[in-house]
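Below, chain A partners chain B and then partners chain C, in two separate complexes.
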Partner chain A sequence: MSGVLLETVGLSRRFAVGRRAAGGKRASMLHAGDDVNLRVHAGESVGLVGESGCGKSTLVRLVSRLLDPSEGAIVFRERDIGAVPAAQFAAHPERGKIQMVFQDPTDSLNPRYSAADTIAEPMRLLRGARGDLAIAVRALADAVGLAPELLARFPHQLSGGQKARVGIARALASEPDLLILDEPTSALDVSVQAIILQLLARLRRERGLAYLFVSHDLNVVRLLCDRVVVMYLGRVVESGPAAEVFAHPRHPYTRALVSAIPGGTANLAGGRIRLSGEVRSPIDPDPAVCRFYGRCMQGAPRCGAEMPLLREPVAGHAVACHFDR
Partner chain B sequence: MSAEIPLLKVENFGLEFRTRSGVVHALEGLNLAIRKGETVGLVGESGSGKSVLSFAMLGISDAAARVTGGSAWFGGLDLLKAGESDLAEIRGREISMIFQNPRTALNPIRRVGAQIEDVLKRHAAVRSADLRARAVEALRSVNIPDPERRYAAYPFELSGGMCQRVMIALALACGPALLIADEPTTGLDVTTQAGIMDLIAERARASGMATLFITHDLALAAEHCDRIIVMHAGHIVEAAPRRELFAAPRHPYTAQLIRATPAAGSLLEGLSAIPGNLPDLRRRDLPSCRFRERCERASSACDAPLPRIDAEALSGVACWHPLAVVAEAA
Partner chain C sequence: MSATLRHIRYVLSENLVTLGAFALFTAFVLLAVLGPIVAPYDPLATDTARAMQPPSAAHWFGTDALGRDILSRIIIATRLDFGIAVAAVALSFVFGIALGLAAGFFGGWWDRIILRLADTIMAFPLFVLAMGIVAALGNSVANIVYATAIINLPFYIRVARAEANVRRNAGFVEAARLAGNGDWRILSHHIFPNILPPAMVQVSLNMGWAILNAAGLSFIGLGVRPPTPEWGIMVAEGATYIISGEWWVAFFPGMVLMLAVFCFNLLGDGLRDIIDPRRRT
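After this line comes the complex of A and B, so read on.
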């Protein structure tokens, strides 16, 4: 594979939560991302999966520089972009090269822009008012399966899935090198989803576009991604080739996740694993306790006394569990 | 079963939107019924009218909307003709809704625990001393970790899926008779999703809550719904008990929808997108079958008004050339 496009090194993000005690006691910290090392090569498609609230959106917002890290570095095209404050990144030369499609399309569209305006905006910035914007907008709308008669509509006149497609078209309009998609297909029905997935696969073949793809739909991740990274409560617990991770999940959490794919338990002995026990709090978590301990079907006293670190027992397939055989 | 009066019965319901560029014929001739304790899946392509239908049931349609006809009986009240004060009474107490865009549906400047307490106070007659404990319990029931502390969080401090789960907790807090859930679990991972679906099933069993479950995820609908209704371009095209629907889809659209779904073994190239788009719903010459221009089975017979699916029928198909009913496969 060609060079590294994006790399994060020891990336962490903590949020202060709750009221600061009057006596000057330190505020409680919520650990949304902890020591995350992530790599995306040019033209590669990486899936990011994990339980709701485990820090996927936080991680992609750090990488697309909408949020500042607490610690760690973000290297994109060999430049350290992590040090540029999020508020100034809009003017940074690498800005257009990373594009993001947001989880909630309603939240991220300007209510006063028609679909056509929204898609045209980045094109205008990229190439000035030159060329026929209207034609380019139509072509892009067509590529994401958005009917031309919808282009004049405003967000409140569009259905959830129609808005999602406007968001994807807007991100593609600035011709990025890295496209970050946060749950892009969850608002899409299967038919449109097939169109979008095939479009993404084609752009990757033709333009070498790389993806960081957050999704809960593991069947979709398996289809689109070369590699998959599994997070649990702020930490990466497993990463490896997608086919390998789905066929032979090693971390207990990944095993539970894969076993719960609707209609897909066939390749896993033992059927669906139901997790019981309470999720540990992400607020001031004990650094010496595995984050999955308490819900884990394999947990043992050692898991409550020592944080398992990410090891690579098989080249390219990393796992963070004491009991990984 | 058919002797029982359904909880909600919609007949011949139509709705349109006026826009600057013409009238959008969003819904037409809808018939459907939901019984107590039943979970009914509503599936169909993006833009087919699923959200518009649910908004209309709650009386919260866009200002540009106009009901063109029909009725929607819930208890002794026609929801389509009821006044705002009656509807306000029903919303959140008898019928509650989980919206498709949870973050924007929550109050951004109020702590989530307080938002749940508001609902409990208004609709569930909970003693003020118990409010906090009940709100924390509600957060715990939707698997929010550390609910005692997350009680004080604002929506922006929660992840997308957590907001979604807070919405679910809000919708269930008042013990509704009917829950309309618009894509309630799409932003959730499969393990959390399974927990939520178990919670809804538990409510159906314990209190007879009925659910209209709107989703794109056919696999999920197959696993959790008793019956499934398929919409296309503002029409109901097929209704069937879930096993029947997946084993033997009858409407050509349903069959294509099933084929377009990524399953555990499928390949990207093997996914067949449904050819063509939904027809432009502003057209004056919309064909009587709105799938006609995308359909491989269409013939001149399809110009006639479509066969009707009765509201209370357990299954039916609005098509002149439905796929054959295959023999019972055990």
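After this line comes the complex of A and C, so read on.
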């Protein structure tokens, strides 16, 4: 684990929502990502967890340059790539170095491209490969466990697991350093999920890739990731080595998440924590209130008056809470 | 390639109506190409001695008021009527799809201007607009083609715009960006091939309308002029004799016109099946 591969600094993304409020000058803003500082080292696997709608996909779409940030910088291999508009990033020299595996393998494949076409395209466009790429495509198909006779097929002729393999092969075709995986198995059959996860773990080992891995499934993150980043309503609330975060979660939200892992509550005093109370709205949130306030079992008046900032009480393990343990 | 042919054969054998439409279409194309060779008589040769003869062994479709063989005139007219329709539809396909793609994909000002253009054309009764265009530009075959192309433009703009709009945010378009595709390549390689099926259906429907439109313009005296054989003119010329009992003069060209429109409409569904890869097994 050498140098820093990816770093985001104060990364934010807001979406204008609804009509302009009556009399108000500005439209309401949904804060999908707020002041996110994220770091991925070369060859490291970082898990991104949090409940639905907390902004995981938004964050990885920012990093993979499909979406433009509202504020903040994205530094990849010491270059600020956040300033390049997403629409022009296809021609950027770093395009091939950050790739992504999409959540829905069916939706993310062009119905009129054969598997071989799909895998060959990034080789041509991003690595300048010319001529017949059959051998290179076969080699890559082999690496992801896709039988060569499937390469001529179109997406509708492939199973979910096979489509997932095509998507992974496409992402690897430009020889990336960072692979972003946005819930890569959630659209698959349970029986296929484990196989694809094993494949991903093996590919990372073999190729020394860095992963930014989004998942709902904390067990998977624990198994696959070196470090874990926990998000809540657009903000990072805790980050640290996976083993440590799962064994000693510091943030109340992380504790609730960890306590809910099936068969994983043994190391937490008090058993499963059930959250109650309203989730705060991500639309025009009060900058002086903790986003978790109201649902938090430890909430105190200070939480409604001051936003907790991310601190590092222990080196490498950061938490954003006034009353962390 | 042979897989494609096999697929076409599969779709046709599964759908007899489409097969019939294809056969009819092939027959029309052959007539358009081979017209002068297969026509039994000179379509322009008049002979008052054999005027207004009902269908017989010598003249299957009868003769008209000038003694011209109606069958020969119908056959010769195929090339002109199909030529106008193909040229017009090709023009509206190319321009309509390009404009619609730009509107649906880029949105914003592009979208507003192009949509306004389509709405403006659609605001007119289309046949009246075509009449106006030919009357203004002058009575020539080229102008019939332009007029027909213009009135068909909005249909292509709408099809392409709607499809591009939906697909702009499709997962495979985002994935294509990651694979290094810029805007233009995404449009040409990823979105365009996927809007071909609905566009081809539109083409087939439009061919029928285009033929009807060209014939309609000639029928009312705009466009192609006598004595050129053309289905619309022939129907117009024959219409006056229907009351007096000489039905065949208008009936046969009318039937052929109807058959051509019918053929293209049926073809639309068949084409969609052939082009759609999801139907491939």
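Worth pointing out:
The rule is short, and it goes like this: the second predicted complex is superposed on the first by the 288 of 325 C-alpha atoms of A that agree within 3 Å, B and C clash if a C-alpha of one lies under 4 Å from a C-alpha of the other, contacts with A are read in each partner's own complex, and residues count from 1 in each chain.
Just so we're on the same page, a residue touches a chain if its C-beta (ideal position, glycine included) is under 8 Å from a C-beta of that chain, and two chains touch if they have at least 3 such contacts.
Model, not experiment: these values are computed from the prediction.
In the superposed pair of complexes, A:S12 makes contact with neither chain B nor chain C. Of the two partner chains placed by the overlay, chain B and chain C both lie in contact with A:D104.
When the two structures are aligned on the shared chain, A:L126 is found in touch with chain C, with no touch to chain B. By the touch criterion defined above, A:G167 reaches chain C but does not reach chain B.
Judged by the touch definition given at the top, the superposed model places A:E183 against chain B, while chain C stays out of reach.
In the superposition on chain A, contact is made by A:H156 with both chain B and chain C. More chain A residues lie in contact with B than with the other chain of the pair chain B and chain C.
Touch criterion not met for A:T254: it reaches neither chain B nor chain C.
Judged by the document's definition of touching, chain A residues 104, 107, 156-157 lie at the interface with chain B and also at the interface with chain C.
On chain A, the positions that touch chain B within their shared complex are 15, 17-18, 28, 49-53, 55-58, 103-107, 145, 147, 149, 152-153, 156-157, 159-162, 164, 182-183, 186-195, 197-198, 201, 216-220, 223-224, 256-257, 260-264, 266-267, 272, 274-275, 278-283. Residues of chain A that touch chain C in their complex: 64, 66, 86-91, 95-96, 99-100, 102, 104, 107-112, 121-122, 124-126, 154, 156-157, 167, 170-171, 173-174.
Remark: chain C residues 170-172, 174-183, 185, 190, 193-194, 277-278, 280 touch chain A in the complex.
Taken in their complex, chain B has these residues touching chain A: 17, 19-21, 44-47, 51, 62, 100-104, 143-146, 149, 152-153, 157-162, 164-165, 183, 186-194, 216-220, 222-223, 256-257, 260-264, 266-269, 271-274, 277-278, 280, 282.
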